[in-house]
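One structure, pasted below without further comment.
Labels for the chains are A, B, C and D, by order of writing; each one numbers its residues from 1.
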Amino acid sequence: MGRSKKSDLHGNAPDSCPVALLIIDAINDLEFPGGAGMLPRAVRMARNIAALKRRATAVGIPTVYVNDNFGRWRSDFRRIVAHCLDDDVRGRPVAELVVPDENDYFVLKPKHSGFYNTTLDLLLEYLRVETLILAGIATDVCVLFTAADAYMRDLRVIVARDCVTAVTPAAHLAALAQMRTVLKAEVTPSRSLDLGRLKRRRPRRARLGRPSRHE
Amino acid sequence: MGRSKKSDLHGNAPDSCPVALLIIDAINDLEFPGGAGMLPRAVRMARNIAALKRRATAVGIPTVYVNDNFGRWRSDFRRIVAHCLDDDVRGRPVAELVVPDENDYFVLKPKHSGFYNTTLDLLLEYLRVETLILAGIATDVCVLFTAADAYMRDLRVIVARDCVTAVTPAAHLAALAQMRTVLKAEVTPSRSLDLGRLKRRRPRRARLGRPSRHE
Amino acid sequence: MGRSKKSDLHGNAPDSCPVALLIIDAINDLEFPGGAGMLPRAVRMARNIAALKRRATAVGIPTVYVNDNFGRWRSDFRRIVAHCLDDDVRGRPVAELVVPDENDYFVLKPKHSGFYNTTLDLLLEYLRVETLILAGIATDVCVLFTAADAYMRDLRVIVARDCVTAVTPAAHLAALAQMRTVLKAEVTPSRSLDLGRLKRRRPRRARLGRPSRHE
Amino acid sequence: MGRSKKSDLHGNAPDSCPVALLIIDAINDLEFPGGAGMLPRAVRMARNIAALKRRATAVGIPTVYVNDNFGRWRSDFRRIVAHCLDDDVRGRPVAELVVPDENDYFVLKPKHSGFYNTTLDLLLEYLRVETLILAGIATDVCVLFTAADAYMRDLRVIVARDCVTAVTPAAHLAALAQMRTVLKAEVTPSRSLDLGRLKRRRPRRARLGRPSRHE
């Protein structure tokens, strides 16, 4: 209802940027089959995400946490973060490395893709984002589903390959291959990303180009 | 990621019910033009909502808060509630009357309709809801938009007429008339609602009947 | 699958324009209660739509037919048109006045709003449309629902008041009032529309501005 | 607008069935890079689809054609079929084998997934479909995207492995593997499908079960 005189609380993160970093399901208790086995890889991933996020923040690229809603429909994001940080859960060392800041955006998703029944699409339009850098868990499920939905929306997809992981290395590699070939994603080590250049890229005439035929 | 052994935290509210109470934008700082003038009506409305919600809870009907995301995209629902309860805002007496409980569901909406770019539709399917009781602010905007989207989804719409209000009484009455005639909504005083009967109503064969032609 | 060498069959209508004319459910057999009574008004409406469409075409504004799918899910638009032109149906004189051309776009809608479960949103993005001129049947149902969905998507809505009609004049007028006040629509006689100026209007920075709080 | 006395034209195909056959982009001119190379496999695929469709029709399982809209936004399905049958296009022998019948449903899709900005979801709800048998082109693109969206909607996915194909056999096999492991799809030769059993399967309590956490 109406415009609040207090609405603009949220600090100095950019409100518009042609590129955004999406961190998918990294705030995660990892309490599922295969979670123990992937923990060491998830911790390495989280370290890489943390470094990438620091660099992104330094040049003014916004971060969006896209996360499952643990506890289903009554949780909010801060409670999910608290669960992963405070309770004795397997994913705590991962969550500790990627704790969200006040200026980060977040979207709770009910299903695999970050776009399905969420506000993500609208948020990205509002931020005028045209390129997504994807990070998080798991390469072959929520990352892949989100990447496919981004591709259908004519967003450019970059996968920071050391910032995503999966239950098995084989599934991880197969999903990377698929994102490269089918979704025309750029799959690259995070340190190779020239974030300054991505940030300065001139906007396309519109996010949606002419819909073309496709296989 | 996976099923958490801690996922089922959320008490004893029903997980399935043919009817739900939707409280729209009642957690509201009312800091907009016309907000001062509607405050007395909004307080009466909030009292009626509180009474209706108590009766609903008593018979096991779930409540869903559908609310604008103040602070835009970085807030969560608990922070919105805190803003309306703790800060010196016009809507505080309204919010105090309708404070959410632990067992309530909530959905943050970016635009007028509770269904637009949110998880509401999926939540209602999950709860197997077929009838919505609508309450909140404003009758002719977010309540009406949400009602129209509910109607298109073949949900039955009940408007508790003393539990909705608008900036002007004329707009309130015109919107009630429209919901009754166009959306086939039942517009009724909240005390006339037989919640027990609504709760026991047998599910239809499916939420979506055969799509029919329409004006 | 892939780009066809034959894909670009469709003549010389503009592929991009800041304004589009939407003709809603005017291809209509009117075989429903109240249809006979509204026929004379529907014929006048169709004459006005035809004149408006001629002027729109002359300056290069595209027309989109948004229509119910008669026969439910197995019809296509040309068959619907044929049904309304060739069979002995009440709406034939209306349909004859607004027969679509080869260059018109069309969208079949399963429900009241032209945006619900259709490609309309994507088509308008592709055409870079920011303003819709609404015409068709019925002012208080499909026109109103479509207008509300357009407003939520930050499109500017113009209602050509002599190009819409409803089962009752009262419902027609109430819906016009609501579109003017709630949806901030411009409600105007079709002959007052300066189509050339609408066509030349410079695009906004993006269709979606910053989402603001709202009642 | 209203119920037409002529609305029920569409013969005797079932209006409700727990399973449906989806034929994706098989009506296809194949005029894209790689199209020539895949033609022999596409013809074999089309023969298998035709046989599967005959068996499905015999036991009352409906077929839904989900197809790109060639010519972009002004075509309809019958015109697309005519283009593929009558013009001198590479895909003609494929299209000839899978010509749609009067009783088939069809959905035009603007992008890769059959669910994205189309009425498919609503049509499947209307038909009360809970299981999809997928067929068509290409295994790793439109079939896979549609399968993923079906999985997110809690539909059971069966892939008739001899009824799908792709530009390269490797891409075909990788996509089959992914649908099996990630989407829990049943990947099986079409002749192994017990269509009568699928047809008689009792409906689940609802299409959407309780949303669970997922990788």
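Just so it is clear, a residue touches a chain if its C-beta (ideal position, glycine included) is under 8 Å from a C-beta of that chain, and two chains touch if they have at least 3 such contacts.
Because the structure is predicted, anything quoted here is derived from the model rather than measured.
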item: Chain pair with the higher count of C-beta pairs in contact (A-D, A-B); value: A-B
item: Equivalent interface positions on subunit C and subunit D, same or different at half; value: same
item: Distance between the centres, which are taken as Cα means, of subunit C and subunit A, whole angstrom; value: 38
item: CA centroid of subunit A to CA centroid of subunit D, Å; value: 31
item: For subunit C, residues that touch 2 or more chains besides their own; value: 1-4, 7, 25, 32, 68, 70, 72, 110-111, 122, 126, 137-138, 142, 211, 213-215
item: Partner subunit C, residues of subunit D touching it in the complex; value: 1-7, 9-10, 25, 28-35, 68, 70-74, 76-79, 83, 87, 89, 102-106, 108, 110-111, 117-119, 121-123, 126, 137-138, 142
item: Subunit B residues within the subunit C interface of the complex; value: 25, 32, 68, 70, 72, 110-113, 116, 137-138, 140-142, 144-145, 148, 151-152, 166-167, 171, 174-175, 177-178, 181-182, 211, 213-215
